[in-house]
Amino acid sequence: MFAYIVRRLLYAIPILIGVNLLTFTLFFVVNSPDDMAASQLGEKYVTPEAITNWKRKHGYDKPLFINPEAGGVTQLTDTIFFNKSVRLFAFDFGRSESGRDITTDVATRMWPSLAVALPTFLVGIWVNICVALMVVMFHGTRLDRGAVFLFVALMSISYLFYIIGGQFLVAKTWRLVPISGFHTEGQVWKFLILPVLVGVVAGIGAGARWYRTLFLEEANQDYVRTARAKGCSELSILFQHILPNAMIPILTGVVVLIPSLFMGSLLIESFFGIPGLGSYMLDAIKSQDFAIVRTMVFIGSVLYIFGLILTDISYTWADPRVRLS
Amino acid sequence: MTEHENKPPGSLCMQVQDLTVVAAESGETIVNAVSFELKAGHIFALVGESGSGKSVTSLAAMRLLPDALKIRAGSVTMDGQDLFALSEANMQAVRGRRVAMIFQNAMTALNPVQTVGRQVAETLKLHTRLRGKALRERVITLFTEVGIPDPGQRFDFFPHQLSGGQQQRVMIAMALACEPDVLIADEPTTALDVTIQEQVLNLIMNLTRSRQLAVLLITHDMGVVKYAADEVAVMYRGELIERATVDDFFHNPQQAYSKRLIDALPDLRHFREAAAQRPLLELDNVKVHFPIRKGLLQRVVDHTRAVDGVSLKIGRGETFALVGESGSGKSTLGRAILNLEDIVGGEVRFEGNAIQNIGRKAMLPYRKKIQVIFQNPFSSMNPRMAVGDIIAEGMISLDLGLSESEREQTITALLERVQLTAGHARRYPHEFSGGQLQRVAIARALAVNPELIICDEPTSALDVSIRAEVLELLGQLQREFGVSYLFITHDLSIVPTLAHQVGVMQHGKLVEQGTAEQILTAPQHPYTRALLASVPRLD
Amino acid sequence: MKPVILWSDALIYLLVISLAFFFYRLRKDPQIRERWSQVFSSSLGMVTFTVIATYILIALLDSLHFREALENPEGVVGQEVFYDNKVTSVFDVLTGGMGDRFERTYSAPFALQSFEKENLQDAAGNDIRDYPPLRHAGQHLDDPDERGMDIAVKSVTALFWGALLSLLVIGPQWLLTRGSRYPWRASWLVQGIVLCTGVWMVSISRYYHILGTDLGGTDVLFQSLKGIRTGVLLGTLATLIMLPIAITLGVMAGYFKGWVDDVVQYLYTTMSSIPGILLIAASVLLFQVYIDLNPDFFTIGMEKADAKFIALCFILGVTSWATLCRLIRAETLKISQLGYVQAAHAFGVSHTRILARHVLPNVVHIILITFVLDFSALVLAEAVLSYIGVGVDPSMGSWGNMINGARSELSREPTIWWTLTGAFFFMFTLVLAANLFSDQVRDAFDPRVSLPSAVEL
Amino acid sequence: MRYRMFARGAGIVILLLVTVLAGCSEGPWNNPNPPSPEGKVTYQSVMSPAPPKHLDPAVSYASDESLFLMQIYEPPMGYHFLKRPYELIPLGVESFPTITYLNAEGESVEPDSADVAFSRYHLSVREDARYQPHPAFVTDAEGDALYLFTDPEQGREYGQIGDFPLTDSRPVRANDYVYAIKRLADPFNGSPMLGFMAQYIVGMKDFSNTLQLVPRNGWVNLDQYPMAGLEVIDEYNYTITIEGRYPQFTYWLAMHFFSPIAPEVDRFFRNPGFADRNLTLDWWPVGSGPFMMVKNDPNSEIVLERNPNFREDYYPEEGAPGDAEAGLLADAGKRLPMIDRAVFRLEKEVLSLWTKFLQGYYDRSGEVHGNTTGVFDQAFVVGPDGVELSDDLEDHGITVSPDVKPGIYYYGFNMRDPVLGGYTEEKRKLRRALQIAFDTEEYLNIFYKGNGIPAQMPIPPGIPGFVEGPEGINPHVYDWVDGEPRRKSIEHARQLLVEAGYPNGRDVRTGEPLKIFIDVQSQAISNTSMNWIDRAFARIGVQVEYRPADWNRTREKLLTGNTQIYSHGWLADYPDPENFLFLLYGPESPLICNCDGANNSNYEREEYDQLFRSMRVLPPGPERLDIVSRMVDMLRDDAVWLFAYYPKDIYLNNSWVHNTKRHGISKNTLKYLRIDEELREQKREEWNQPVTWPLFAAAILLLALILPGVIAYRRRLTATARQ
C-alpha cells in the first residue's frame, strides 16, 4: 500500500510537468510579458522603461523555454518556465502580478471555499442518496417514472437559474438570509445556508439520478436475490446489501472530488460573495493574472491526482476484494 | 442449538399445483400449469435445458420473480397454508425460515462486501432470537456441519477469500441455518469444477437424509440427477413433460426428449483408435509465463507459470484432447500455439518448422494451416458483421486468391457442409442459436483449409442436446478433410467419442498423457483418477 | 442576394451530411437498427426527438445566411453590385421581420406602452410625462382596451392557420407511415403544437411583442429564437471536433497497449487533471487574441463572431476529449480480448482492418451516447461560460448572453422577468428534450454504462 | 442498522435548522455585516469588485485606490469640500505655497520675466500634523527603532500590523514630504509619476539614474542621496524647484503622490521576510490623515478607523450656494472626522450590492466604480426635468448626491484615417453628419439612465473654459431652440453626407456603401448598445462594424494609429482646461511622440499646438479663456470626436447618511460624513422582517413528497401474489 502510494506520487510528477508546460504555452501565446506588464501597471503613463523594470522585478526578462545565450544545462534552467514552475513543486507559489503573496492568499481563501463546498458536498450526497433510495424502492412504478422525469427536469435547468432564483426568492423577496457575503465574526452559517441550499438543490437532479442507476444496477445482482430468499425485508435489503455495495461506484465518482472541494465553486462563490478560491480563480481569469492562474491550475491538478489516490485507497476500505499493490 | 423436529420421512412438505407464470408485458406463458410435491427426505430433481422454465418455477414458488414476470395461476401450499395468499410481510417470515434456497453461482450470490459469517448470521437474526456470542457460535457450528475447514476463522472471511466449493458450502449453511423444511437448490454445482461438484452433491444428499429435508434440485446435468435424485421431472418449454422415479426414468424414458437427454451422457466403453503417426504439430517443453510485478518500481519479481514445460505431439488427422480444470493453463497453451501469446521457452514446430514467436508476416502462411474455434460462439463473432462476411474474412486476409464469386461459392458450400443454408450468409450472429453459431465458427475455421484446428471448449457453452450434434459434425469433418484437432476441454465425458490421444493438465503441466483408452480406463495419476471419478456415467 | 457561408454554417451542414451518411451506412447493421427502433418505439423517444429535430431545423434554417444586395443610388455608373453589411438568415425571413421591430427600450410582454416614462407632448402640445406608446405594438388598435379581445381573435385565427398547416404537414406523414409500429401520433402531436405555436408567434408578433423587449428595444422572443442556433451548434460541433481525437487516441491506446497506451494515458490524465474551466478560459482568451491580431481575415463582423464561436467549440472539444477517450480505451481493451478479435488475429487480419471492422463499429454506441449526453451539458455550459466572460461573442445571440445581460434586471421594481423567462424557456425545453432523449438512447444502446458528463464546471 | 445513520443525518439537519432559527431570533436574519464594536459609529460601504492592488501613494494611480489613500494620507494641498468650482485649500501645509521664479543662474526674477528658467515652491508643514500610531515609530531606550530585524525568522510572529504589541507616533516633518518625492523618483518603486514628473522637478532624472545603480538589499535610505530640486530648509519648511513655469503644479500637490512618508516606516516595511507576509507599504499605508487602516483583506473587507492623532480639523463654515438649504452646513464647525470606523466590503454582484443597499446594510452606494452602472439602472428614471429617482427609492427616503465628474468619455475619429480622417471640408462634413446621427441624448438615457451630459466641448462643467447656454453649444451639431440645445435633424445629416460625397451613405464615385469601424474594448460594449448604434447610423445609411478587443490589443492599435473610431475616457487629474485640451495636442499623438500619448485622434494642427503651448504657461484669466475658446472652436470645426459626454458621479444615500456632497476630484471626503445610527437601526429592523411562510410551505411540500412513498411501501408489504 505504501509503495503503491509512493509510486502514484512519483507518477504525478510528469503529469504536473505536463500541466505546467501546457499552461505556460497557452498563457504566453495569449499574453506576452509586455502585455502583462502593461495591464498590471495601470492605464496611464506606461513607459517602456516601466515595462522593462516591471519585467525585471517580476522575473519575466528571460526567454520562455530555452535560453540560447546560456550554456549547458542553464539553457533550460535560466528561463521563465524553469524558474517559475520549479518553485511550484516546492509549493512556493511566489507573488501574484499585483504583488500579493499567493501562498498566503491560497491558505486564507481555502477555508471559506471549504466552508461552502464541504457542507454542499456532504448534504448533497446525503440528500441524493436518500432520494435515490426512496425512488429505487419503488422501481418500476409510476412514482419511479415521475421521479426520474423530475430529476431530468431538474438537471435541465442551468445552474445560473438556480443561483439567481435562489437569491431572488430566499434572500431578496423573503429576506430569510443575507443575499451574499461572508465573515467569520459570529454566525458564519447564515451565509452558508443559501449557497449550500442552492448547491444541493441544483445537484439533486443529476446526483439522485446517478445514484438511482447505481442502486438499480446493484438491485439486479444475485446477492440481492439471495438476501430476499433469506427473508430480508425490502428496507434492510436496501440498507444492508445494496447500499454498501453501491458505495463502491459511488466512491469512484465522489472521493476524487473531495480534495477539489478546497478549490471551491466558481459560480457559487462569485455570486454569493464568498472569498474563496473559486472567486479567486475567476478574478484571476478576468484580470489575466498569470501567476495566480498558473498556481490554481497546479493546485487543481495536485488535488485531482491526490483525489485519484484517495479514491484507490477508499476502494480498499469499501471493497474487501481490492488490494493495492 | 435448537431442537429440530424432523418431519417423518416421506411426508408432504410442499405442494405446487398448476403453477403458471407469464411475462408481465407480452403475456407470454413462461411456465404452464406445473404441479409437483416435495417430500421430506426426498430429492426431487427438475431437469431441463436453459430457458425451459425450471428456475422460474423455483423462484415463483418463493415469490421471488423479477418484476417482468407474473404469477398467473396455481398455488404453493405448505402445511395447508397457501403461500400465494400471504401478504408480502408474512412471506418474508417464510423465506429462509421454512423454505430456503441455494443458487447456482455462489460467488455472485453472496454479498461481496460482507463477511460470510455475517451473511449466515443475518438469516438467523431475521428468524431467531439468537444474538451476540450465541449467534456466532451457531454459525460456526453450521460451518462445521457443512464441512468448512477452520470455521472460526472463516467466519470473518469475505466471499472472495474462499474457494468456489467453500462458497457453495456457505450458501448451504445459510440455507440450512433456520432449519427449513424445504430446500430449493438451483443448479448448485454447475459453476464448480467437477472434482468439487461431487463433494457438494454428497453434502446435500447427506443433509437431506439427516434432517429429513424436502429438496427441489434444479439442474440441466443428467449426471447430477442420476447421482443424487430420488425422483425426476423433465421440463420442456415451460411444461412438465415427464415425471418418474430416477430408476424408471433412466431405464425407461417415455418421451423422445428425455431420451435425447439421457443419450448425452458419456459412454466410457468405446474409444477411437490411434490414427496417424507422422506428427503435424510438436510442442517441446513449451513455457508461457506472465510476470508478477511488485514494489515501488513495478519490477518483475516472479512469474505466473501458466504453461510450464508442456511437450506433446499431434499427428495428421488425429484428435488430441487436452483436459483440465479452469486455470490449468490449457487455453493459454492453445493461444500460444496460435502465436497469440508470447512463449518464453521451448519450441513449437509445425510440420517440422519452429513457429514460436515469429513475426506477424512470417506467421501468415501458418495461419492458413492452423485455425481455431472458441468457447463462446457469441463473443467470437463480430455482432456487426453478417455471417458471410465473417467467414470470408479469413479468406480475404490470408489471400487465398479467390475471386468474389468463387468466395461466395465456397461460403455457400461451407454453410451447407455444416448443415446451414446459403441464405444464412446474409444474416447476423444474433439471429442464430448457439449451436448454429458454433457451426458457423467451424465453417469459418474450415474456410481456409486448415490442417489443424484448435478447439477451445467448443461445446461447453451449449446445451447437452446440441452438444452431441456439434461433436458429431466435428468428427465427420475430420474423416472428410483429414484435419487434426487439439481439443481443449474440462469435460472428460466428451473425450471418448472424439479423441485419439488425451493429455491431462494441472497447474500448467501435463501430468499424464496417452491414448484415450489408456487414460480413461487405466489412469495413472491421482488427479486423473479424481477427474474420472466425478464423471457421472450410465451403467 | 449573396449567400454567406460562415464556418459554422459549413460545419453544421457538414455534420448533417456526415450524420446522414453515417446512418445510411449503419442502416444495414441489424443491432443498431434494432436499438434505434427501441428508442423510437416509445412515445417519449418520439416526442423528444421531434422537439430536438425542431430545434435543429431552426438552427439549420438560421444557418442559411445571405446578404441582401443594395440598390445602386442614382447617378452611379458602376456596374458593381454592393451588398448590405447585415447578414440575414432564412430563418429571419421566416419570422416575418420579428427582429426588425425595435422599440426604444424595455417593454413588457404584450404591452402597448414602453416600460419607462418619457417626456411627451399631449394633443394640446403640453409637456407631460407618461409611458410612450410602442412603435410596433398595438398600432392597429383604436382603443387600448380592445387589446385582450384583439389578441384572442388574432390567436384563434392564427391557430386555425396553424392547424391547417399542421394538417398539410402531418397528412402525408400519416399516409406514409400507415401500419408502422412506431408511435407517430406522439410526434404528430408535437409537430402540431410546434407548427401552431410557430404560426401564432409569427402572426401575433406583427402586432405585439410576445415576450416584450429588452434594454435596447429588441424583441426578446426573437432573441431567444436566435439563441437556438448558438445552442444547437455549440452542442453538436464541440463534440464533433473532439470525436476524432478521442476515438483515434482511445482506440490506439486500447488496441496497441504498451507505450502507445502509456502515452495516451499520460495525455488524458494530464488533460483531465487541469481544472476544466481554467483551461477553457485560457484557451478562449488565446483565440480572442489571435482573432484580434488578424482582423483582416474577416470582412464582416459576423464572420469574426463566428470564428470566435468555432474557436469556442474547438476549445470545448479539445478540453473534453479525455473522458470519451478513457471510455473508448477501456472498451477497446475489452473488445480486443474478445473472441472475434482473437479470431481475426488467428486469421492474420491486419491491424488497420481489425480496427476498422471489429473495434470501431463496436465502440460506436459509446460515441453515440457521449454525443447525445454531451449535447445538453454543452448547451448548459455555454451559459456559464458567458457569465465568466469566455462565452460566445456578445454580438451573437445566445441564451448565456441573455442571462448574463439580464441578471440584474430581476432586482428592479417592478421586476423585469421576461428576458430571463425567454432564455429559460427555450433553453430548458431543449435541454430537457435532449436529456430525456439521451436517456432513451442510453437505455437502448448500453443500459449499463453510466457515463459522467464530459463537461464539468 | 445502516438506515439509522440516515435517520441520524435527518435529525442533525433538523436540529441545525432549529438552532439556526433560534439563533436568528435577535435582529434581522439577513444581516450580512459583521458586528461592529460597541460605541463606535461605523460606516458601511463597499469596495470595488477589483480590490485595490496598490496602496503605496507613490505607486497607486487608480481612483478606487485613492478612495483609501486619501483618507489615510494627507497631501500638502486639498480641495474645499463644498465649494464649486473646485477650490484648492492647504491641507498638510500651513498655507498656499509661495512661488519664486528663478533664471538660469538661479537668481530670483520677476514672475512675468522672459528669463524664467525655474520656479521654486516653498511649503511650510503644519506643526500639528501627526502620524497614526504605528509600530514603525516605536523606539527602544536608545532611540533606535524597536522592530528592526536582521533575518526573516525574527519577525515571524507578526503577520498583520495589528500583531505588533507596541505602537507609537511622531509629528510630520518637512523631510517626510521630501522623502516621499524621492520615492517617486526611485526607479525601484516603479512609480507611474516618475516619467512625467521628471520633466518638471529639477534633478529627478539624475536622482533616478543614480539610484538605478545602487545595490538593493533591504532598505535604501533615500535621505543619503540628494536631489537638486528638493531642499529641506528646517523641520517644517521645504522647497521644490521645477523647470520653467508650470502653474498647474500646485494642483499636483493635491494628489496623494506628494503625501509625506516617514523614512522609518519605509525602513520598517523593508524588514527581511516582511514582504512575504504582505507586510509592505503597498499594503499597509501609514499616514497622517483622518483615518488609518486596521484591516486590509482584499478578499473580504478593508477597515479604516479614526486616526487618534489626527490634527484638529473642522467642518467648513461656508459652502456653495444652495448647500445651506440642502443641510450641508448643519454641522459647520464641528470637529472632524465624524465617524469612528469605515468598513468597505467586497461586493461583486450587482444584485447583492443593490439588495443590501435597499435593505439598509450599506449606507451609501456609488462609492466606487465597476459595478455601479448596473445599480443606477435600477435607481433612476428619466423624468421631465432630467434624472429622477424611481418611486420605491423615494419611498425608502434615499437621497442623491450627484456631481458631474471632471472627466469626459468619448468616441474619437482617427484623423489620419483615409476615409474619416483629414482636414478637407468634405471630410469635416462627413464627420459632422456622423456626429448628428449619433443621438447622444438618447444613448445616455437608455444606457446610462441619463446619468451623463452630452458634451458640447472637450471641457466639462466646473472647469474654467466651460461655457453654458446658447454660446456653449456646438453649432455644427446643435441648434439653440426654446432655451435648450436641440440636435440637428437627420435630414441635415443626410444633406451633409451628400455634400461630403456619400449620398445615402454610398460613395458617389463607386457606389460602395460607407462602412465605419469602431474599435472598442470587448467588455466595454454590450450587444444591445451595438444594436442601438447600428440603428442610429442606419438612419443615414451608414453601416457599422465593431472590432472589439481586449485592453492590451486596443492599446496597441491606438499606439500604431490603426483605428478608425476608438473609445476613450479621461478623468481630470486637476480642474484645469489644460488637462483636457492636451488630449488633442499634436506632440501627444502616439505616432509622433512614439509614446503612450493621449492624442489618440492624432489630431495635428500647428495653430492648435501653438495655442496650447501658450495657454499652458499662462496664469488663469480672461486671456487664457480666450485662447481656450479658440481652441475649442477649432476642435468643433474639425469635428474630431464622434460624440462625447460628461459622466456623472452619484452617491445614493440612505436617509441616515448626511454630508455626502460628491466631490469630482478629491476623495478626501469621508471625514465629513455623519451617520444617524438610531435611524439606521430602526429602518433596518423595519425593512428586514423575514417572510416565514415559505419555510412552512417547504416543510409541507417535503412531507407531501415523502408521503406517497410511505403509502406505497405499506401497500407493497400487504400485497399477496394473487391479483
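Order as written gives the chain letters A, B, C and D; numbering starts at 1 within each chain.
To be clear about the criterion, a contact is a pair of C-beta atoms (placed from the backbone, for glycine too) under 8 Å apart; a residue touches a chain by one contact, two chains touch by 3 or more.
What you see is a predicted model, and the numbers here were worked out from it, not measured in a lab.
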Task: Chain-chain pair with the highest tally of contacting C-beta pairs - done: A-D
- [ ] Can you check how far apart chain B and chain C are, centre to centre, with Cα atoms defining each centre and the answer in Å?
- [x] 53
Task: Where chain B and chain D are represented by their mean Cα positions, the distance between them in whole Å - done: 83
TODO: Averaging only over C-alpha atoms, locate the centres of chain A and chain D and give their separation in whole Å.
DONE: 35
Task: Where chain A and chain C are represented by their mean Cα positions, the distance between them in whole Å - done: 28
TODO: Return the residues of chain D touching two or more other chains; collapse runs of consecutive numbers into ranges.
DONE: 349, 351, 355, 716-717
TODO: Note the residues in chain A that touch 2 or more other chains, in rising order.
DONE: 31, 164, 168, 172, 240, 244
TODO: Would you mind listing the residues of chain C that make contact with two or more other chains?
DONE: 285, 289, 389, 407, 410-411
- [ ] Report the topology of the inter-chain touch graph, choosing from line, ring, star, complete and other.
- [x] complete
TODO: Report the residues of chain D in contact with chain C in the complex, numbered from low to high.
DONE: 349-351, 354-355, 374, 377-378, 381-384, 390-392, 442, 446-447, 503-504, 506, 508-513, 515, 522-523, 525-532, 535, 543-550, 553
Task: Residue ranges of chain A touching chain B (in the complex, touch as defined) - done: 3, 6-7, 10, 139-140, 221-223, 225-233, 240-241, 244-245, 247-248, 318-321, 325
- [ ] Quick one: which bits of chain A touch chain D in the complex? Just the residue numbers, please.
- [x] 31, 35, 38-47, 49-50, 53-54, 57, 98-101, 104-105, 108-109, 112, 123, 126, 129-130, 133-134, 137-138, 141, 143, 164, 167-183, 185-187, 189-191, 193, 234-236, 238-240, 243-244, 270-273, 275, 279-280, 283, 287
- [ ] In the complex, go through chain D and note every residue touching chain B.
- [x] 716-722
Task: Touching residues on chain A, where the partner in the complex is chain C - done: 14-15, 18-19, 22-23, 26-27, 29-31, 148-149, 152-153, 155-161, 164, 168, 172, 206, 210, 213-214, 217, 249, 253, 260, 263, 266-267, 281-282, 285-286, 288, 293, 296-297, 300-301, 304-305
